[in-house]
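Next come two complexes built around chain A: one with chain B, the other with chain C.
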Partner chain A sequence: MNDTIVLLYYAFLIQSIPIIAIAVVQDNRKASAVTHLVLLAGLILGFSSTVSSLVSSNSTLLSFTLWGIPNQVFRFDSLGLYFLGIIQLVAIPTTIYSYSYLNHYISNGKSIRSTLVFYVLLLVSTQVLVLANDAILFLICWEVMSMSAYLGMIFEKEKREVRSGSFYYFIMNHIVAFLLFIFFLLLHHQTNSWHFSDFHLTSDSGAIFIILYFLSLVAFGTKAGFIPFHFWLPRAHPIAPTVFSAFLSGIIIKTGIYGLLRTFQFLHPTPEWLGWLVLVISMISAILGVWYALAQHDIKKLLAYHSVENIGIIGIGIGIGFIGSAYHSIPIQVLGFGGALLHTLNHAIFKSLLFIGSGVIYQNLGTRNIEQMGGLVHRGKYFVMLFLIGSVAISGIPPLNGFISEFIIYNGFFTTAKILNNYYPILMLISVVGLAFVGGLAVACFTKINSIMFLGTERKEVKQFQVSFYEYLSLGILSSLCVIIGFYPQPFIGIVTKVLNHGFVPENASSALLNINWMFISLIFIAVVLGILVVYIWKRFMQEKYGRRTSPAWGCGYERLNSRMQYTASSFADELNEISKTVLVYHKNIKKPKQIFPTQGSFESHAQDLIDSKILLPGFRKLSSLISRIEFLSYTDIRYYIAFILVIITIYSVIAFLWV
Partner chain B sequence: MGLILLTQGIISLLVILSLAPMFAGLVNKQKAIFTGRIGAPVVQPYYELKRLLRKETINATSASFISSISPVINVVTVAIAAAMLPIGFARPLISFEGDIILFAYVLGLARFFQILAAMDIGSSFEGMGAAREATFAVFAEPIFFFTLGSVAFISGLTSMYDIYHSVRLDNVSYIVFIIVCSISVFILAVTECSRMPVDDPNTHLELTMIHEVMILDNSGIDLFLYQYSSYIKLFIYAILETSFFYPFGVQNYTLAIVIFAVVTLILSASLATVETITSRFKMKNIPEYLLFATAIGVLNLLIYTFTK
Partner chain C sequence: MENVLSILFCLSLFYLSVTSRVKAYVTVLQMQGLLLTVLLVLPFVKHFSLYALILPTTLFIIKVVFIPRYINKIIRDLDIKRVIEPTIQQFTFLLLVIFSMTIIFIASNILSKSTDIETIPFASGFSAVVVGILVIIFRKKLILHVAGFLVLENGIFLFGIAVASELPVMIEIGMLLDVFVVVFLMGIALNRISSTLSGFEVTALGRLKD
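This part shows the complex of A and B:
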């Protein structure tokens, strides 16, 4: 065990080497190649040692020796290693893609050195973050992670939307960091230690328990993107370079989930109402997230709202886990937290797949507006297939990985109802229906984007559509993971069970996850694929026999169908948007063509997010007008501000002295 | 024992797959009689399928591989869903804890690809049908869970076979509950199988249709696969309905088969009646109709739990 841990350290070291390489190597192209190669080597070494220690470890390793020095700053427990594994697993394809992505910019003569540095910093700090046992180290990593993501995000800072979008992310990070400082200070105050392994409080500790939970829910929940704290996601994701938005959605928002799960380890058992609170918030996030996504036409914004939905699904699992913890029921906790953990992995995989796919499209077409795409399937068949795998997976449809984790969560509902009985069946039934509703909306949403972007004919002429080898490689890795977890979930279920056994439920007590008949489900999935193959071959045989040809689509006798007459994304989603007019703030501007010989007509539709446009933005505006009252203190000279800082520090120190 | 179960499962799957077109023919025949016509023979759907099988396939020029695999995926997923349904007392081929969720989601796979295939042509005809299918599916899925799901939650079981076997008609409030559930399932069947008053299975010429317009540009074996899977789907929902009458036929071969046949006949008659006497709804009223089904499902469940 100790050896593999030491290997992890080497992996981190190797991953940090590129910073030197970037400084030393003069040529941009070479610097990028060296950086990515070394990063990849470090990540693969790291991933293999993470997996081997995750599989072999039987207990949590708290103290160990590194090069002869005893060390307590890191913690190698299953939860941390599990998240570390997710990060490295997703980082490998993202890094492969990053090479090809940044090459485009190098060819255009843009400097990418600083972006590379931020990417390396982001990778290393996120990996160290989930291993930190020390609250201070955790906070340092947290800040480095958030800030390097921010700095990477403003790659195209000359654009106005980039500056405003990233500013929301920046503000969000400060609020979260501030709350986390209070959170850890309070925990330190209660337990007199900075070590995660010493943090433990039960609900008997009174108000402090509730305060800590609220701090954690708001702070980590904002980072994860639960509604109503989701405002930064649809703003930051579209403007970030694809590599960063893939990492942001795949990994960084998962650190919020990591934080929530750690909080649970510190503070349990949870009261039941807290479980319900998390469940309701998550359900709202899932439903509204997917509904808002349906109305979007900007592919990256749409995917960002889908992250809100999927975080909601993960949150539903966590909520079930909390309820199970309140009743000390092991099966409920196992299914709830297990579903959440597996969905975290799954979402990291398919969301980075979809983001990378959207990046490839953006690079080729120069637009993120899906209304201007179409017919791409005739340009890149295999690319479309890979994107389709991600879409089917994220909609939770069998036989891919999204179904597996949602299936566990559904089982969680049924088990909760069965064990707790009383009025629970009805509440759980409503939750089941909610999740089914989310699934239906997700199908509508992903059929929309796939069909508008890829199918039919080209709405705007496509000059070129090229997918490089590296892009195919990274998309291929991610989509084959979707397929593997879907068809053969047992090893992943095994790892999740292990994580649960070490830190969520008493040792070796969980069997609810393993009791599900995974073998049978795999068999059915294989039967589906075999069936499709057999019928397809039979169909081709029959077509050989009776003939097959192509002809223009049927237009009721009208022969001049053109690409502008196709169904559009707004018309596809219109009926559902109409129904949710109030929640969506959906309005249409229709100018009908008039007179006998009509000249012009126009149509536009707008959809906004109710919580964002009616609650958060007015709130922010009010806040800024409140703060502007102290505008008289603003000076153009920086020395005044330094003076202010000095004054504040003096006041703090005086207070501190008097306190002691 | 295992072999017998397996054989029973395979036989019931084969029964579903082979009798499905007959059920559609039965409905059509009764509809014709209601409207004063003689009508096509009950086996007419078989002839139509046979005819389609021998036709040349014509694909639209704008179509891609999606149009080519979608009918195949459709027929296979529907067959897999059929393999989860219990007929009579036989244990279905696919039966495990939680198969109720797989059942709903496997049909989702078919829907996903059918919508994509419709959009693949690039014609607004199909686009309109696809958008409607996506919209109504969002409201249809909750009905499934509010009806069968509520029976599952009451019994604490998650396998379709066990759920249907848990139905015991010895309590008045439970009988009422089951009857209202079956009404909701009926509405669900009407929606999912594109029958009146949601959709008209006989025409695609109006811009108001859903299922028929989605498969407008298909022909030959593609159309065969689509038609066949829609027959199977209709029969599947019919079986979801007839299975509520399980408790009468437990452990008696002949009785079970007789009950199955009689209930199926009654069901086809009621489908035909509804299709003859009602006209199709306006499209924008359909979500309300579906929400109505959801609402009676919820009310029913609440009433049952409070009178229990």
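This part shows the complex of A and C:
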């Protein structure tokens, strides 16, 4: 065990080498190649040692010696290693993609050195973060992670939307960091230690327990993007370079989930109402997230809202786990937390797949607007296929991985209903309906983007559609992971069970996760796929025999069809958006052509986020106007400020004097 | 002995508040530096240790030798006027200083009953801080701001001696370094300002606001 961990250290060291390489190597292209190669080597080494220590570990390793020095700063427990594994797993394809992505910019003569440095910093700090056992180290890594992501985000800082979007992210980070400082200070005050392994409080400790939970929920929840605090996601994701937005959405928001799970380890058992709170917030996040996603026209913004939805689904699992913890029921906890953990992995995989896909599209078409895409399936058949795999996975359709984790969460609902009885079956039924609604909307949403972007005819002329080998490689790795977890989830379930047994539920407790007959599910999936294959082969056979009849699609009786006469993203989603104009602030601006010989007409639809546009933004504006009232104190002369300082010192001195 | 030196320090503050020559400020600073050095050396007359001499030596070099010379050089190079051009009457300023010093001394006297501080060094240090701030507030010349800041810093030093004689040496040396850097930067800034703006008064800096 110790050996593999030393290997992890070497992996981190190797990953840090590129910073020197970037400084030394003069040529941009070579610097980028060296950086990515070394980074990849470090990541692969790290990933293999993470997996091997995760599989072989039997207990939490707290203190160990590194090169003869005893060490207490890091903690190699299953939860940390699990998240480390996720980070490295996603970082590998992202790094491969990053090489080809940055090459485009190098060809355009843009300097990418700083971006490379930030990318390396981001990767290393995120990996160290999940291993930190020391609160101070955790906070340092947290800040380095957030700031390097911010600095990477402003890659195209000459654009106005980039500056404003990243500013929201920046503000969010400051709020989160501030809350985390208080959180850890309070924990330190309670336990007299800075080490995660010493943090432990039970709900008997009174108000401090609830305050800590609230701090954690707001801080980590903001980072994760739960709904009242999701405002930064749809702003920051679209403007970031694709590499960063893939990593941001795949990994960084998961550090919020990691924080929440750690909080649970510090502070448990949880009171029941907390479980319900998390469950309700997550349910709202999931439903509103997918609904808002449906109304978006910007592919990256749409994916960002889908992150909110999926974080909501993960949160639902955590909420169930909390409820289970309140009732000391192991099966409920296992299914809740297990579902959350597995969905974290799954979401990391398919979300980075989709983001990388959207990056490829953006690079080829130069737009993120879905309404201007179309007919891409004729350009890149395999690319569309890989994107489709991601879409199917994120919608939770069997047989891919999204289904597996959602299935566990559904199972959690039913188990809760069964074990707790009383009024629980009804509440759980409502939750099931809610989650099913989310799934349905997700399917609608991904049907929308796949059909509008890939099918039909080209709305805007596509000059070229090229997908490089590296892009295919990274998309291929991610989509094959989606397929593997979908068809053969047993090893992943095993790892999740291990994580749960080392820190969530007592060891050796029978796991409800393993009681599900996964083999049976795999068999069904394989049978379904075989069935489809058989039908396809039969179809080909018949086609050979009788030939294939092709004719243009029926054009509803219109002559001279052009590319503008097809379903658009807004028209596709209109029915669903119309359900509620209050929740989804949905405006339509229709100018119908009036005369007999129609001249001009136009249609526009805008959707805004209720919380964002009706609560947060007005709130911020109010705050800013309040603060600007003290502007009269602003002078150009430094002497006034010194005088203010003197006045304040005097007041403090008087108070101190009276105190004594 | 410490008390005598502290009172001398206070007298230098009075001189500071009535003088109208820029040069006098520099002399006062030099004298205060000397006083502080002596104050720091005093405890070691009985128990001599070479290590303990590091701080007084550094203090001497920076406060008595380097900074006054540097300020004099700036005054010469930039041809700064010799009068201080106060914003309020000298006498009013003196009254203000006396008033605040009285309050500080009375307060410290009361404080010294409940805590173990040495009244006179403590009160002198505090007064120096306040006078430093007052100098910054009521003088227009930028070079006098530097002087005010240095007086303030001397006050903090004295304060440190009075409150806890065993303030870590590293912290004091750090403070010295701080002051050194600030004065240096201010000198550079003054040089730059003189090349872009004609005056050496803070009011001129208001125009730099964006």
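Keep in mind that, in the parts below, the second predicted complex is superposed on the first by the 625 of 660 C-alpha atoms of A that agree within 3 Å, B and C clash if a C-alpha of one lies under 4 Å from a C-alpha of the other, contacts with A are read in each partner's own complex, and residues count from 1 in each chain.
FYI, contacts are C-beta pairs under 8 Å (C-beta built on N, C-alpha and C of every residue); 3 or more make two chains touch, one makes a residue touch a chain.
As the structure is a computational prediction, the values presented were derived from the model and not from experiment.
In the superposed model, A:V128 makes contact with neither chain B nor chain C.
In the superposition on chain A, no contact is made by A:I87 with either chain B or chain C.
In the superposed pair of complexes, A:L39 makes contact with neither chain B nor chain C. When the shared chain is aligned, chain C comes close enough to touch A:D637, but chain B does not. After overlaying the two complexes on the shared chain, residue contacts for A:I5 are found with neither chain B nor chain C.
Of the two partner chains, chain C is the only one that A:F657 touches; chain B does not reach it. Residues common to the contacts of chain A with chain B and with chain C across the two structures: none. Within the complex formed with chain A, the chain B residues making contact are 53-66, 69, 71-73, 75-77, 79-80, 94, 96-98, 101-102, 104-106, 108-109, 111-112, 115-116, 119-128, 130-132, 134-135, 137-142, 144-146, 149-150, 152-154, 156, 158, 216-217, 220-222, 225, 283-284, 287, 301-302, 305. Interface residues of chain A facing chain B in the complex, by the touch rule stated above, are 374-375, 377-378, 381, 384-385, 392, 395-399, 403, 407, 410-411, 414, 417-418, 423, 425-426, 428-429, 432-433, 436-437, 439-441, 443-444, 446-448, 450-452, 454-457, 515-517, 520-521, 524, 527-528, 531-532, 535-536, 539, 542-543, 546-556, 561, 563, 565-567, 571-576, 578-579. The part of chain A that touches chain C in the complex is made up of residues 636-639, 642-643, 645-646, 649, 653, 657, 660.
Put simply, chain C touches chain A in their complex at residues 107, 110-111, 114-115, 130, 133-134, 136-138, 145, 202-203, 205-207, 209.
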